[in-house]
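Here's the structure, in structure tokens; my notes come after.
For reference, chains read A, B and C in written order, and residue numbers begin at 1 within each chain.
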Amino acid sequence: MSLLRRIPLPILLLSPTLIFLTLFFVIPLVQVSGLAFQSPDSVFTLSNFDRMVSDIYFDGALRNTIILLILIIPVQLVLAFAAALIVNQRRRGSTFFLYIYAIPLGISDLAAGLIWLSIFTERGYLNSILHNLGILERPLIFLSSMTPKWMVAAIVLTEVWRATPLVMVILLSGLQMIAKDYTEAAETFGCTWWQKVRYVILPLLKPSIQSALIMRTMLAFQMFGPILVLAGRQLPVFASESYYWYTTVRNPRVAAAYALMLMALSVVATFLYLLLLRTKDEQVGVM
Amino acid sequence: MRWKKALFYAAAAVFAVWTVMPIVLIAMAALTPRQELYSWPRQFIPENFSLESFRFFANSHGVLAATFRSIAVALATVLIALLVGAPAGYALARFRFRGKEAFRIGILMTRMFPTSLLAIPLAVIYLKTNIYDTIGGLALMHAALAMPFVVLVTSSLFLKVPYDLEEAAMTLGCSRIGAFVRVSLPLALPSLVAAGIYTFVLSWNEVFASAVLTVHNRTLPAHIISTLNVSPLNFKFAGGFFMIIPALIFIFLVRRYLLSMWGVAINK
Amino acid sequence: MAEVRLEKVTRRFGSVVAVDNVDLQIRDKEFMVFLGPSGCGKTTTLRSIAGLEKIDAGRIFLADQDVTDLPPGQRGIGMVFQSYALFPHMTIADNIGFGLRIKKVPASEKAGRVRKVAELLYLDNLLDRYPGQLSGGQRQRVAVARALVIEPAVLLMDEPLSNLDALLRMQMRAELKKLHHAINATTIYVTHDQVEALSLGDRIAVMRDGKIVQCDVPMEIYDKPANVFVGSFIGNPPMNFVHGEVTSQEGRLMIKGQGFTVTPDPKWSKALADRKRVILGVRPENFRVHFQEPAGETNGAQAAVEVVELLGNLKLLTIDLAGSVLKVSVEPDTAVTAGENVWLTWNEDKLCIYDSDNEWAITPERPEVVSA
């Protein structure tokens, strides 16, 4: 007890987390590098990366990972911003709409994939509607390697549907931190609604947009459930390849190489966002 | 002004339908008898609803056990994450100390770690230490994934309880721990519970690590994903809807804390 | 007997020294006010006495007991926080009774003491409410009641009135003064409001940069500020300062400045003998304004009135004296208009003279330069 008292309280309180994070983040990072860069007899090698890159699925995985990112993120950002603006209107029912929009926050990507499977599967809702409207006689097959565009569309829709609320909540809490005085000042100059958004709200929201983008990109890189449910290996991405190499091929070393690739992409993306969307210290609000 | 109002409600409603519609669809799909699911032409709204698919799902081999395991893992995750993370959150909220900013940045950096990067080497370590394929092992992994969230959220919610209050309690005779227990804890409790509930959902929903770190003792998402190729549509739909139900309940319970939890935690 | 004694108390925050080697003795039952601008260390000093700050050096004694290493709850203090810090999840009765509950006072005795204090502070019909349902003034009284009910030997108050509006602040000020006479606790009161300090304090310790600049009874602080800082911090409007040079004419000491000459009382002779440049300090009410050249006065100075402000109980003039801007207060019915030329004379008994280099007071009684 007397020894415990000697340790400063903050350190005492932080140490469980520090130990935990070391055990579950630092050690795995070291270990995964060991797996990826070593042969089974612990000799340094790049052969795992060779195997990863020369695998027939690799090029597709690289391409799909990036295509999905480019399609999902902007759509999500715009939709989420619109939703956040709607809720931030503070009209009657705004809170109700917030609760509704937030529902997908609690839904896993696997469940989201299954939801959209019920829409896009051969005898699913989409075909049923098209048939009832008289457009189709026989059901179309959307989710096959013959229709990669439909597969991508289904996955994009799933991700946009599931993860937009997360971006919305981040942006909304950013919006609520913007003092009303700023927008009211803009109104006294006769700004239109769009000018207000463009010249006052968006610049002030930059820090929130930045954290939303970082968060989202990281999660989009890891998206996994919808891929497996809607496309399987017909539409490989890095996360799912890592999973297949570990579970199906039973080669943790190549799986580790994929994981490291993902990590590298995440780090690069984060720094890009930090660099591109930098807010100068002197621009931080004074209110 | 009236058309502005109309526009607002129209936009709000469109977005609400977009959000809710897929959930209604999966609910209907889950309640549609198997035969109808595979028939053509298929009616948009099924002719008759039945619990047949649900019964089939629940009685399928491994589902019930996986469900209980999911609950056990999620509860253990909440316990570990709060016990380990909340003290750090409290320290961040209350003290000035050297390295505080570094610690905060370190916490934020952990977000760059993909789950696969943690789960694959951990699987190798777990195999060596005999906690592979156990509830505890997976809960530790989930707690690690939830840790940044828990630390940042608890720090922001303790920040909302003014330190003055604890100090006042101390001038009135409380010890440091006494002041925390009598003043800060009761005031922070509702939001702590909300953070715990969200951590539960994080664990309940987690797929990748669950699939990699378990073989025989699958959690529900791991079970569903590993049987994906062999299970019929009605199993998938019933399973999908079943997984959503707790999420819906939990989001309803924590709805008041949505912004304070996510907003503050992420907007740093 | 609850004397408070600080011996060489120092508190640092990183490289900032918030409290710098402070020595202070507060007498039993005294009402001591710490006054100063924000960041001067007054609140940190108070919190150090409370035990809420760990001091880096020095000792603190309460009632002759060294409390430096005691936790707040064992020091025999009661504290009123600036934010009141009422527990929002407890009723007023529970808030007031909190300290007694922690000290395990029997329930029956507790109820009685809570009731007594509540009556003293006109809170007896609010006991079942929650802090959120009370007005600012009521919350303030609850905060005081909560600190008083544990019968502290020393009552500490950290800007307790700063969150109230002006009228309420004035009422509460009087109530606090009455209360101090009713209870028998030594009181230490932190404020940045000089009016509060002058009205409440038996003594005032004026602080700046972690040091006590001057500690004295209010009248002394007002009439004889120890340095230019104290003079300009206390008084509304603050003391006027003009530069002058000490000269000697026909064996008489004189201070000459831009557009004026002052002949100080002979008691100053010794203190001023070897000096050259000094600063004169004059309170606005210690000027006299004449509309003709004053007869018999040798020290009248001609000046121009720039602004006239009627403030109800007085008229405040902004006067240009050969380039120095002075604030001068006169009776409200004085007929004076902006642009007018007037003659100023000063009340030489109340004249303050400061060293022009270090800005500390030069006094006939204290010829040596006072330093911290």
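Just so it is clear, a residue touches a chain if its C-beta (ideal position, glycine included) is under 8 Å from a C-beta of that chain, and two chains touch if they have at least 3 such contacts.
Note that the structure is predicted; figures quoted are calculated from it, not measured.
Visitor: Among the chains in this structure, which pair is joined by the largest number of C-beta pairs in contact?
Guide: Looking across every pairing, the one with the most contacts is A-B.
Visitor: Of all the other chains, whose mean CA position lies farthest from chain A?
Guide: C
Visitor: If you average the CA atoms of chain A and of chain B, how many Å lie between those two points?
Guide: Distance between chain centres: 16 Å.
Visitor: What whole-number Å value describes the gap between the mean CA coordinates of chain B and chain C?
Guide: Once rounded, the distance between the two centres reads 56 Å.
Visitor: Specify, in ascending order, the residues of chain B that touch 2 or more different other chains.
Guide: 176
Visitor: Provide the list of chain A residues touching at least two other chains, using ranges where the numbers run on.
Guide: Residues of chain A never touch two or more of the other chains.
Visitor: With touch defined as at the start, can you tell me which chain C residues reach chain B in the complex?
Guide: 13, 50-52, 71-74, 77-79, 81-83, 85-89, 98-99, 102-103, 146-147, 150, 156
Visitor: Hey, which residues of chain B end up touching chain C in the complex?
Guide: Its residues touching chain C are 96, 162, 164-165, 167-176, 178, 183, 186-187.
Visitor: Which residues of chain B touch chain A in the complex?
Guide: Interface residues on chain B, with respect to chain A: 5, 8-9, 11-12, 15-16, 18-20, 22-23, 25-26, 29, 37-44, 83-85, 87-88, 90-91, 95, 97, 100, 103, 106-107, 110-118, 120-125, 140-141, 143-144, 147, 151, 176, 201, 204-208, 211-212, 221, 224-226, 228-229, 233, 236-237, 239-240, 243-244, 247-248, 250-252, 255, 258-260, 262-264, 266-268.
Visitor: Per the contact definition, I'd like the list of chain A residues that touch chain B in the complex.
Guide: Residues 8-14, 16-18, 20-21, 23-25, 27-29, 31-32, 34-35, 82-83, 86, 89, 91, 93, 97-111, 113-119, 121, 123, 125, 127-129, 131-132, 138-139, 161, 165-166, 169-170, 172-174, 176-177, 207-208, 211-212, 214-215, 218, 221-222, 224-225, 228-229, 232, 239, 242-243, 246-247, 252, 255-256, 258-260, 262-263, 266-267, 270 of chain A touch chain B in their complex.
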